[in-house]
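Look for chain A in each of the two complexes below; its partner is chain B in the first and chain C in the second.
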Partner chain A sequence: MGVAAGIALVFAVTIPRVFLSTLAGRLVDDAQIAWLSVVVTSGAALIMIRLLLYVLSRTGGDLIDATRQLLGNTAAYLVALFYIMLFLGNTVLLLREFAENTLLTALPLAEFSLVTIWYIAWVAVFIWFGIEVVGRVAYLVLPFLVGFMLLVIILLIPFYNVTQLVPWQGHGLTLAAYHGVTMAGVNLGAVVLAIYAREFQSSKTATQALDFGLGGALFMKVIYTQAYLMVFGVYVGQEKTLPFFEMTRLIYLNHYLQRIEALMIALWAIVCMLALAISLYTAVYLIARILDLPSGRPIIPLMAAMVATIAMLPPDIITVMTYEKMYDYISSAGVYGVPAMLFVAFWFKRKGVKRCNAV
Partner chain B sequence: MNASNNFVTKIVNQIKRLVVYRPPQEATRFVLQEPKKDEAPASSGQVSGVSKSLAELTKLISYARRLSKAMEETAQSIKSVPIEKAALTLKRLCLSLEKQQSEVTPLLLAYDGAETQPSKLAVSASLAENEKIISQIYRLPYNADLVIRKFSIPVEPVLQAMIIYIDGLCDSKTVNHLILKPLMLYSRSAPGLPDSGVLNRLIAQYLPSSKTTSTVTFLDIQDAVNSGDAALFIEGEAAAILIEGKGWEHRSVDRPIFEQTVRGSQTGFGEVLGVNIALVRSLFNSSDLVAEKLSVGIKSKTACMVMYLESIANPELVNEIKRRINGVETDYITDIGILEQFIGDHPSLPLPTALNTERPDRVASSLNEGRVAIFLDSSPFSLVMPVSLFSLLHSPEDFALLHPYSSLIRLIRWTGVGMALFLPALFLAISTFHQEAIPTELLLSITSARLQVPFPTFLEMLLLGVAFELIREGGLRIPGFLGPTIGIVGGIILGQAAVSAKIVSPIMVIVVAATGVASYTIPDFRLSAAIRLASLALMLLSSVMGLVGIATGTLVMLAVLSNMKSYGMPYLSPVVPKSGAGLDVIIRGAVDRQELRPDALNPKMSRRQPHISRVWKKQKRNGGETN
Partner chain C sequence: MQCRVIATFLLGICVIVCGGCNAAREPDEQAYVVAIGIDKSAKKDMIDVTYVGALPVTIGEGGGGGDKTKMTTEVTFTAPSLAEARNLLNSITYFYPTLSHVKILIIGEELAKQGISDIIGPLTRFREYRGTNYIVVAKGTAKNFFKNNKPGIPGSASRYYESMMETSSETSYFLRTTLYDFYLRLKDADGTSYATMVAVNPQTMENLPAKAKIPGEKSEEYYVGDIPRSGSNPVEFFGTAIFSGEKMVAMLTNTETRSLAMLTGDFKRSYITVEDPLTPKHGINVNLRQGQKPDFVTSIVDSKPVVQVTVYLEGEITSLPSGINYEQAEYKELLEASLSQITKQEITQLVARIQEKETDIVGFGYHFRSKFKKLEEWEEYAWPERFPQADITVEVKCKLRRTGLMWRTTPRR
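And now, the complex of A and B:
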């Protein structure tokens, strides 16, 4: 894989929560200073994953190879299991939330289980082609995705009220920084660069993909946070379930160009499926790695069925959002814990480390 | 105890062996790589030294053999005929040997400089030597259309001669009647030729062609042969005679039927393989244009030509294509379309992975980019490969028109693709699931038009789509001028009647007709068919899940396209994976800006013209405006 596919993978796996309730959640936590929390979250993830990629560039191989080399086989199994759990959890949560959103916005009369199964079945077909194809498709879609997202921001200009950005301190700088640090798990998806490190041409390619992919996603998140704030303000904004959808509903160009939220459904459905595909494939890939399976394909339908079943378990979307908050805290360990642990291990063993054949 | 040998591990391994799926052991997919560096012309001193020694040795051995043979012939002549009679023959033989000896040193010097470019060599007095150089220039035995004919001129003494020309480019009647006949038959009664000025005498007395010259360099010879002339070599003469014989088929062949253009060449391929090859050669006067002959079909043994530019095409690509053609085992192959299905990467997908063209100019420009062309005997089409999805949407006319206009036309074609693919599905999704996206007046108009239609939107669209395909297919099958008439009349009558009978709504007729017209903008018939199939799939998905269904279908289609390869080259290149495209993807750049060949083809030479190709702009001009 090249830089472009890497950027697209990271962007596609870290951006989808803009289309969910996260923006509203940020306003609840930090009010007008929510952008700082977003910057800290992405900045922390960027630093830690860069550290991880640095270790991989010295040890060679991917995340599992490096852990095996630095901490032994058992640690490699445990790290793999931890990330399998996190990526499967991410898939389950995204699937449930996007299925609920589809019912709320696009197909109010559709059966919930049908929508859930529709998404996961097609994601299973999609990942059958492998991560390289998923990366290429993400790269193809990326310009349209960014273009339409920016178009929405531009078309909302008549609704911006700049005074809603003040008082700019929101609930306080320290609190925003704290929330940013503790919520770094929302960018866990960027770890895929370390997991697929073997697939990249060089460690420099993976690092560039991280910088531009996570940086691009951060840019879009900050822009959307500020735009949302300017359109709805803190108090109304906190009450919205689907901020992106609500923003697109406001757009009115003229008599014949109105209500473009219906057309934007296709956009977020594609983003949702890409994110689901990357998360599910990563979990399948890690299972195949630790069990030393020659191919992960046979377990794709099994994993897809399992994810769909778990996604249908929570009774309502409020419960899912509570789980998601817990998930973000737990997945922060995947962003901070494992990279820090590997870096420390590398630091102590750096003289005895030999490079593997890849990266 | 070793962990891998204990009881538990053994049981686990046994279970794993039983349970775990093993993917079938298939050959890895062919991926087009950069050409290997060692295939580039060697220039190091060591290699050059070895080659020089080899060439010197070969030359000396050849000379020694000839000397030995001459001595034997001399001895035999002296024994068999009186010395006076044999004198003339022996004198000529000695002169020829002297000439060859005098050539050894300068030729060796020439070999050193022109080791990789035999065309820079001078003509030898030895026929064998000349034949060897010709073989190198024309990559024999791969090039199947170069004819080398050896014969004797029955003057006193008998002269050995050799004529070369390209079959199809040079008129064989001219060769037979104006070159071979006078030399082989009419010279019988002629007196002996003088020792000096043999060539001038032959030109003056035996070759009636109006344009006949002599030359001493292979550069002139290959230029003449490539443009359809014949070259005559005489044993003992360090020069060749170039005789005009141009006679390839042109214009009268026929106009292309499916790829007609307003500008550009108006010649199309025919059914005769040799003529098709010659048509390309007539556009491409280059001796490294190789046309290799293969045969396909165990029983039919149909002749097949693989054509490529040896100095540009990636050798891995050429070998892979030849390997695939040679690896086809079937009784008969009657059409190039069947061969394409046998050798293509994805025969089960409807998307074409090779360009099907009936235009020699299109083949020539593709060869110049580093692609490979395949011709099949009795097929008026050529297959050009590898291609990307983007090049399938290029038209031959694009290259003859100014780039701003051709870029606009290409954008219109892409709009056509978008409409043909998405319009029915979008209409279905919006009118069935997302009515809020339609302005109120339009929604009311659509609803009132559909009010008396008894079918759901999907079925209505399917009915009209099938009717459209029926008219299209019927129009194609009906011979002659009736076809288009049936199409138009059938379309109008059926559409009007269906609307009047309230089987379909007028807006649906508009949507289906617009989709049909849009699909006609796609230059490749097979791609157009593939897009219609994809459109049907999107309609199905859209009828179930609206815009979510369209998004799903789009994503899966992109995955299929990203996974596809055309003879080792990614199908979506140069966009995915990103590579240099030489300003010719959707938007086309000015011709002088198209300096590089498509990078995804990994050609031997990536640059097709220098950075400044309009050199005249830098040159000082005479006259004109002064500052």
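And now, the complex of A and C:
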């Protein structure tokens, strides 16, 4: 894979929560300073994953190879299991939330289980073709995605009230920084660069993909945080289940240009499919790696069925949002813990490390 | 070959499922509600909900007899909630009721005075309503407003309400008030809610000015329903209902509403007729517009909020009956000073009135937020309690930029 596909993969897997309730949750936690927590979250993930890619560039191979080389087979097995759990968790949460949101916004009369199965079935078909195809689709979609997201921001200009951005410290700088550090797990998806490191042309390619993919997603997240705040303010902004959808519903330029949210639903449905595909494929790929399977394809239907079943278990969307917050904390270990552990191991063993032939 | 079979199979499923046949509803299967009126019911804990449904144009135009200009049909239910009223609506029509095309929500005056947070809450949660729905308060009842509303022009009912509210920018005698703005201010103590007033005019030509004119002003101020007129549609959009929290506490006249627009920066344009400064028996017409957004300089002195607002207006002279050459610099400055003075007095009166009513409809509070670093500090300052004591001074800077299609006036000979 090249830089473009890498950027698109990282962007597509880290941006979807802008279309979910995350913006509202940020306002609850940090109020006007929510942008800082977004910056810290992405900044922390960027530093840690860069550290991980640095280790991989010295050891060669991908995340599993590097762990095996530095810490042994058992550690590699445990690290893979940990990331399988995290990526499956991410798939479950995204699937449930997007299915719920589809019912809420576009198909109120549809059967919930049907929508869930419909989403995951197409994801299963999509990932059958492999991560390179997903990457290519992602970079084809990326310009349209960014373009439409920026268009929404521009069309909302009449609703902006800049005084909503103050008091600028919200609930406090320290608290925002703390939330930013502890919620770094929302960017766990960027770890895919380390997992698929062998697929990239060089370590520089992966690093560039990280910088631009995560940096681009950070830029859009900050823009959306500020725009959302200017449109709805802290108090009303906290209430919304779907901030992005609510923003698009407000667009009203004149009699002829209004009610464009239906177009935007299609947009976030595509991004959702991409994010689900990347997460599920990564879990499948890691399972195939640790079990030394020649291909992950046979287990795709099984994993898809399992994910759909688990996604339908929580009783309501509020419970899912609570689980998601817990997930973000847990997955922060995937952003901090494993990269730090590998870096420390590499530091102590750096003289004895032999470079693999890839990356 | 196997791949092609699978691909054909999947595309076949896609065509069947994505065709939109599942749960699809054709336009002629749906009852499109374009306006909703909500009044306090005579029964305890109930509301009267009036739905105004759009009549398809073909029904209005085709067939013999009937009122061909009728665009809508109305029905009123007494129900404990909007949701129950919607259920009842389903029982009297063979269409699927849909509220996705609602343009305007009209709240009865009595209900507005009682408090409407119970009504507004569900509106923002239910996906068929949207923030861009207009919200207005009817003097009397919403039901009576709909009954008497006879636009007299065949066409789309939703277009009528939409265009009516959009044309508010012509005079600022009423404002384009939406559910989005209303709800935002209902939740945020830094500015309180307001909504346009509507009413049925008795059309008796009786002159009922709201109060004495400001010196130098030629036009009278009226409350909604009091415009001295006869003919045309009996209903009118005029003035503003102002709220404190969830309750309506007062009405603003047309001039006060225009002053409100000047302070919020939403003023687009309006004609103003003032006395000729040199020959007061003559009037001068000026088409005013906002030069730039008002400037708020805020400070806190001994915990007391102090605001200096500067409103920038620009104008074009459209009538000079006296024959005095106001196009010349020295006369022009005289007229500018007169216009500034009159609008300043109007705005100052509005500010005094809303301070007396303890409701910050202008949103002065928003401009004080930057004085605080943390949200908790700002909340502790308790703006709603501080607002009535705020020291607010108004400055108006009016510049005459154009003089119409005449560049000088020659006296009558």
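The criterion applied here is as follows: the second predicted complex is superposed on the first by the 359 of 359 C-alpha atoms of A that agree within 3 Å, B and C clash if a C-alpha of one lies under 4 Å from a C-alpha of the other, contacts with A are read in each partner's own complex, and residues count from 1 in each chain.
The rule is simple: a contact is a pair of C-beta atoms (placed from the backbone, for glycine too) under 8 Å apart; a residue touches a chain by one contact, two chains touch by 3 or more.
Note that this is a predicted model, so its numbers are computed, not measured.
Judged by the touch definition given at the top, the superposed model places A:L51 against neither chain B nor chain C. Looking at the shared chain after the overlay, A:A110 reaches both chain B and chain C.
When the shared chain is aligned, chain B and chain C each come close enough to touch A:V125. Look at A:L156: by the touch rule set out above, it reaches neither chain B nor chain C.
Touch criterion met: A:Y252 reaches chain C, while chain B stays clear of it. Using the contact criterion defined above for the overlaid structures, shared-chain residue A:G170 touches chain C, although it does not reach chain B. In the superposition on chain A, A:M273 makes contact with chain B only, not with chain C. In the superposition on chain A, A:M312 makes contact with neither chain B nor chain C. In the superposed pair of complexes, A:V39 makes contact with neither chain B nor chain C. Once the two complexes are overlaid on chain A, the chain A residues touched by chain B in the first and by chain C in the second are 107, 110, 118, 125, 255, 258. Residue ranges of chain B in contact with chain A, taken from their complex: 20-23, 430, 433-434, 436-437, 439, 442, 544-548, 550-552, 554-556, 558-560, 562-563, 572, 575-578.
Per the touch definition, chain C reaches chain A in the complex via residues 10, 17, 22-23, 124, 127, 130-132, 159, 162-163, 166, 180, 183-184, 187-188, 190, 366-367, 369-370, 372-378. The part of chain A that touches chain C in the complex is made up of residues 31-32, 104-105, 107-110, 118, 125, 159, 161, 163-164, 166-172, 232-236, 239, 246, 249-250, 252, 255, 258.
Contact residues of chain A toward chain B in the complex are 2, 4-5, 102, 106-107, 110, 115, 118, 122, 125-126, 129-130, 133-134, 136-137, 139-141, 255-256, 258-263, 265-267, 269-270, 273-274, 293-295, 297-298.
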